[in-house]
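What follows is a structure written as structure tokens; I'll ask about it next.
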Amino acid sequence: MTTAAANVLQYLLLVLGAPLLRALIARVKAVIQRRQGTNLWRPYADLLKLFRKEDLVPPDSSPLFRFAPMMLAASTFVAAALVPTVNQSALLAFAGDFIVLVYVLALGRFFMGLGALDGSSSFAGMGASREAMISALAEAPLLLGLIAVAILAGQGNIVEIVRWTLSQNFFDVSAVHAVAFAALAMVAIAETGRMPVDNPTTHLELTMIHEAMVLEYSGPSLALIEWAQAVKLTVVLSLLIGLFAPWGMAANLTLAGLALGLGAYLLKLVVLAIVIAVLESSIAKLRMYMVPEFLGIATALGALAVVFTALLRR
Amino acid sequence: MVLLLPLLIPVLGAAVVLFFRRGTRTALLIGAAEIAALSWLMFATYRHGSITFGRYLRADHLTTVFLASLCLIFALVLVYSSGYLRHLPPERFSSLRWFYALLFLFLFTMLASYLSSNLGLLWIFMEGTTLASALLVGFYETEGAVEAGWKYLVVCTVGLAFALFGTIALYLAAVKSGVAGGSALDWTSLVTAAPQLSIMKNLVKLAFVFLIVGYGTKVGFVPLHSWLPDAHAEAPSPISAMLSAALLNCAMYALLRFDAIAVRAIGPGFSHHLLLLFGGVSILIAGLLMIVQRDLKRLFAYSSVEHMGIIATGIGLGGPLGLYGALLHTFNHSLAKSVLFFAAGNVREKLGTLRIDRISGMIRMLPFTSGALIFGGLAIVGMPPFALFVSEFAILSGAFSQARYLVAVILLVGLTLAFGALLFHFLHMLGGEPKDTPESRKVAGTELAVIGACAVVLLIFGVHVPVQFQKVVEGAMAVLQQ
Amino acid sequence: MQLTRLFFDLHLAIPVAIPLILLPGWRSSRYRRVVPVLLFVSMFLGAATTLLSWRTGQLPIVDLSHLLPFPFVLTLDRLSSLFVFLICAVTAATTVFSVAYIERHYGTGQQAWIWTFLPLFVLSMVLVVTAASAFAFLFGWELMTVFSAALVAADGDSPERRHNLLIYLLMMHAGAAAVAASFFLFLPYTHGLTFTQIRAAGGTLPGRTAIAIYLLAFLGFSTKAGVIPLHLWLPRTHPIAPSPVSALMSGVMLKTAVYGLVRFGFDFLPHPAAWWGYLVLLAGVVSSVLGILYALAERDLKRLLAYSSVENIGIIYLGLGAALIFQAYQAPMWASLALVAALAHTVNHALFKSVLFMGAGSVSTTTHTLNLDELGGLFARMPYTGATLLVACCSIAGLPLFNGFVSEWLTFRSFLAGATLPSPVAQIILPLAAGVLALVGGLAAACFMGLFGTAFLGRPRGVAAKSAGEVPFGMCLGTGVLALACVAVGVYPALLLGPLSLVAASLIPSGNVAQELSLLPRVLPILTTCVVGILLLAMAIPRATRVTAIWACGLPTLSPRMQYTPTVFSKPLRSVFAAVYRPNRKIEVLPADQPYFPVAVSYRSERTTSFEQSLYRPAVDAIVAAANQVRRLHTGNVQMYLLYIFLTLVSLLALVKVLR
Amino acid sequence: MVLVDLAASKAMGSAAVLLFLTVLMLAAAKRMSTSIVAFALQSAVLAAQVLAVAHIHRSTESYVIGGLVILIKVLGIPYALFRLVDKLQAPRDVKLSLSPVYSVFITAGLIFLSFTAVHTYVQELRVSEDVLAAAVALILSGAFLMVSHGKALMQIIALLVLENGIFLAALITTFGMPMIIEIGVFFDLIMGVLLMGVFAFRIRDTFEHLDVSKLRRLRG
């Protein structure tokens, strides 16, 4: 019972707190760039505003145009229920197979692309096409990295992997972990559309990927999309945390344990947010056709990780 | 008597027909009588196993297998020609009556060579087939026809001369190894006495080499086949069918008889390897040559060469599977090939040409003939549910079950080559835009009936080999192997 | 038992009877009306047979050996009945679809032709998968080629269609030869070629024979399956067939090759070597990656689907290869898991690829074009077809909640298990193969996102698409049923995995995969409920909608031609994999003399890499050259001919003298 | 009577030499008539051979055969050939593909070859080596003539020579085949020559020449 409650709580925390993370990153960037950043609660205000606005739909677009954002939101929110954050468990822990997770996220992306194409604007089309390319190329490194970790842990369920990692000594992080982490981190950047792959804050159409995709969306649809994006970012980051640095995660459901777990989790998130902010404000966005190379490197790393799994066990 | 009747009817028939100006109906009547006699003969043989008449005539199950196809093909050819040669100008030699007279003589010689129990007689009548059919090959007195006729005559006569030498050598061997001179050429006595011949090993080998070269020329083994495409291409279509479906079998029959003796005398190694050699070469070369043919009937002629190669391979493999397949294949091939030649006849009749590159869009011009071509084509490449699939399956299994992988590979490659060639040419002819419109689309009832009959028999034999036929074939195998 | 037998006989007999029914009334439409009904009944009976025999476990046996000199036996073991059921189900749906489709597309003669050969074609496939003797198998195998060719030929005639037909028949015949050889190679070790005898011999074969058999079978079946580089015929034949036939060919006919491979690999030859598995795996990798890449570059809807068939066959091969490898390393449990994965993808591909091809048929019915660059906005105009195709696209992209995901997940799972094998090679190769599968999955998602997004969404790019309308009910029904099946399997995989595990158990007795297979059936329903629930919540959000023009950078309007076309959509990926296509690009600016004030700019980019040019053409040329050489010996000079005879004689005599 | 025996034995002995002479003569012949005569001579020698055999073995069958040979091969066919030649009004010269000198040399070589060829069989068959060699030589040279001569008539003659060789071989090895066979063979021979004559006419009518080496329309 308490487990269930804890799971629900951490799920709600993830889903509801996600926008905050984006705001945090933006704020840190602002600080770095000597700007007076926005209020941390701004994203919530935006979402509320958008939910109240009316939905603008392009002429002769099909119902799918408005269905796509919902599908995105649905898939992302379900994905959020698969990863452990504070507690060594998740709402749908038993379903937390990493392949399922990856493909649930893919479901949302697929429909988002369709929605963009349904908008019949050339910018949206461009965005969709580029997004399609990136996600197609990101699939392999993502799964390879996860597979490497899963092979070490000897199981495919994320929660189980986390538990296994926790059972290991903090200091003998194998080479596999290092390489796999590198691969997954690169993929995470590409997946969540951050620099240097994509620029979430751009307004120059030719460089846009994700922003171009959602160009035609407005009102509640846009709200869903933004929210889902935030949740996705958080999910991916929590996944990284869970796989590579789960230490401190609450094992037993004592209040102290949970508090410790929560603290550790938030801390790690903040650290990651700062890292991302620093990265984004220090390096320039890659040219479009450099992205495949970026992901190619990631794939190579992933493959390397897998090879290591075989070599290290002998 | 049973044996004599079928021989007498055609000879007399030939004489009778010559008296009429256009003897179509008479010819049909005589043919009907002949076929009746033949079926009686076959029935009798089927009942008694083997029947002999005097010293020189004999029929057994092996004969029946070949007689069956000969009888069928002859009937078809007769009916087909009655429609095909409707408008033929009564000239000196190339007139209807001469056509039928020669046809009957041709039939007579083949029958005689099937029924003669004496190998010398066999040779004489084989030579006779050449003489009788040469005029038929040159029947249209066009340049091509005359040329083909001459080549046919010369090449086959020379070849058969060697066969004669082979026969003599065998006779010599028999005599030297103590068989009475009178019966030293009699098949039955030779077969029984064959084991004694082993003392004249070299002589028997020599004999068989000459025989296989001699009769092989008539069968059309590569590289002795040179007369075959010319003759088939230039002869009137019914005659082409007769040559390909009956004459080649006839020569193959002779080889079978001699092979049986050679096997008994000096073991299967020698003759069978020769047969396999010729068979393999024929299959491959014919398959290749089919690709580059430009004339429809030449194409079919080469396909005949290939199938003779397949049959020879079957015989050469021996054993129950190989021999069974070979015997079945002779029958099936005759039927399928005659369908093709009849169809070619229609094409010639309607479009006035057989040049493949000049024909296109047939499927729209001549739907029935195209159908016949497709049907025969599918049958000849051994597609189920046609009969050749069964026989080729048998021969292939024979090859594999003896672990003769080279032979098997040659067979498979040759079949694929032939398939590709036929397919390529047929697609070109059937598809596309019609070049010129034929004068008449309608098909003569006789032609329709004949082709239909062939197709039906092919289909039936493809899905069910009748019990009687099965028994006859087994009997024939028994005759050859004991 | 009696009932099963009766059903089976009827199921087999009806298709044979149909042409006889058609024969009298070749032209009358009344006769033709009867055919689909009969065909449907026959299919229903077939499915019923499989279910009955499945439940009772008794095998209905049809033995016609007394008719023919060689044993001709048909029976339904687990594997066979799976494929028979598949054939029957897909064909039944296709029949429903075809009634309206064929009515609309063809003249009387063609209709009669198609309705004559469609049942025979299906029958031949049933023969192949139920055959219990080599003779019956090859009989069906050849018939399958003939009848499918007949159906392909029904769809008109043109030089390049004839060329395609030629390639198809030739390759099929060569493949059949290989298959036949692989059967015959058992002969030295058995007395006959019924499957029971073959099984008996299979265990005791000497190694080299087993290898030869396996390689030949692999070649033959891969030709039928269209594995690269033996795929030449596939993208040439499937697009030019009538759409229902394409659906059957791609959806079912290819699967007979999978059937054959499973028969040989797991039933006849019980002791595979590891490298057989690696071979299949390699074939799978090559054809899945290249297949989907070629599909991405296609603009013709049906050609695209054909190439995606090549890709999916590749995925099936990945599963099969893994299964063989596990088998070789004595890991029966994982072997049967991989086998289940392969079979599952076989079934799934049959389902969604038939939907896709039939959908293509519907599209061409209303728009009379299959060129993706002219389509667009069809979803609004033909909602049912659009919906079914959307489902199919999601399935083929391997998204969860749809059936494609199930089989891909299983394949991933078995690859993951490769890490548990003793051999380091397997430990490295199998997980890496999972990476390949992931790449293929991503590319497939991109490809079909582009397909659906550009053909069905957005605004119509051409008049044809603008004037499109929904197709008749029958066609929607045909596709709809299969689409529903896709969703059903995707949501509740137990439907599929239960039977498949039994099939696997019948082939790999010691492999128990119940625990491995139990995960998805538990996960997916809950996942679905969650997704649907959240969707409902999201829909519940109150909102006002207003239709406004799209953002046009201040221009008055954007014409539909300014949308992203499929060509452009796939451009980024194509440029990433330019090495595969080696495209030759042409940009023409008109008028040429003043490039800065262009009136028209035309851009063409086509793939220059082709196996036909680099692999097949040279071989064919060599053969023809050889033939011409031989032909030259045939100088019309009779003296030469005589010389040949004499030389033959002399050389033979010499040979005899030497050999003596 | 003694004289006859002597003649018979002489015939047996000297046959080979005479046959070789005829063969060479055929090879060297420039004119059609010459070759026909040569053939007639050859057949005559053959006939003598047959009669000798008949006399030695006292077999009536052989006498008949000998009679047939004289009737058909020595008189009948040569006569027919002569008729053919002037009926056809063909140019009288034989068309050699290569000069007579070469052909004579080659023929000589063939004769030598035939000696070596029969060598192995002689002991086995217990027949006089040279006659058997002559038979083989006839066959070989017949074949050679066929290949080297492009004229229809010459090919007929060559064929006859070849047949002679076979006949001779049969004669000396088996002392004659059964009667009926021999007669049948003769019948075929006559018919064959007749038919070839017919075709010669047809060729003449359709092509205005008798040079079969020019008949090369059908090829490939």
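Think of it as A, B, C and D in the order they're written, each chain with its own count starting at 1.
In the analysis below, a residue touches a chain if its C-beta (ideal position, glycine included) is under 8 Å from a C-beta of that chain, and two chains touch if they have at least 3 such contacts.
If you're wondering where the values come from, they're calculated on a predicted model, not measured in any experiment.
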Maximum centroid distance from chain D, chain identifier (CA atoms): A
Leader among chain pairs (count of C-beta contacts): A-C
Where chain C and chain D are represented by their mean Cα positions, the distance between them in whole Å: 70
Centroid distance [mean C-alpha coordinates] between chain D and chain A, Å: 103
Computed distance of Cα centres, chain C from chain A, in Å: 36
Euclidean distance of C-alpha centroids - chain B vs chain D, Å: 32
Shared interface positions of chain B, touching two or more other chains: 147, 150-151, 154, 158, 202, 206, 289, 292
Residues of chain C whose C-beta touches two or more other chains: 631, 634, 636, 638, 642
In chain A, residues with contacts to at least two other chains: none
Chain pairs in mutual contact under the definition given at the outset: A-C, B-C, B-D, C-D
Chain B partner contacts - residues on chain C that touch it in the complex: 67-70, 135, 138-139, 142-143, 146, 157, 159, 161-162, 165-166, 169-170, 173-174, 177, 180-181, 184-185, 187-188, 193, 623-624, 626-628, 630-631, 633-634, 636, 638, 640-642, 644-645, 648-649, 652-653, 656, 660
Contact footprint of chain B on chain D as seen in their complex: 120-121, 124-125, 139, 143, 146, 152, 155, 159, 162-163, 166, 169-170, 173-174, 177-178, 180-181, 184-185, 187-188, 191-192, 195-196, 198-199, 202-203, 205-207, 212, 215, 217-218, 220
Residues of chain B touching chain D in the complex: 56, 118, 120-121, 124, 127-128, 131, 134-135, 138, 141-144, 146-151, 153-154, 157-158, 161, 164-165, 168, 171-172, 175-176, 181-182, 185, 200, 202-203, 206, 229-230, 233-234, 289, 292-294, 298
In the complex, chain C residues that touch chain A: 376-377, 379-380, 386, 390, 394, 397-401, 405, 408-409, 412-413, 415-416, 419, 424, 427-428, 431-432, 434-436, 438-439, 441-443, 445-446, 449-450, 452-454, 456-459, 519, 522-523, 526-527, 530-532, 534-535, 538-539, 541, 543-552, 558, 560, 562-564, 568-573, 575-576
List of chain D residues in touch with chain C within their complex: 97, 143, 146-150, 155, 212-213, 215-220
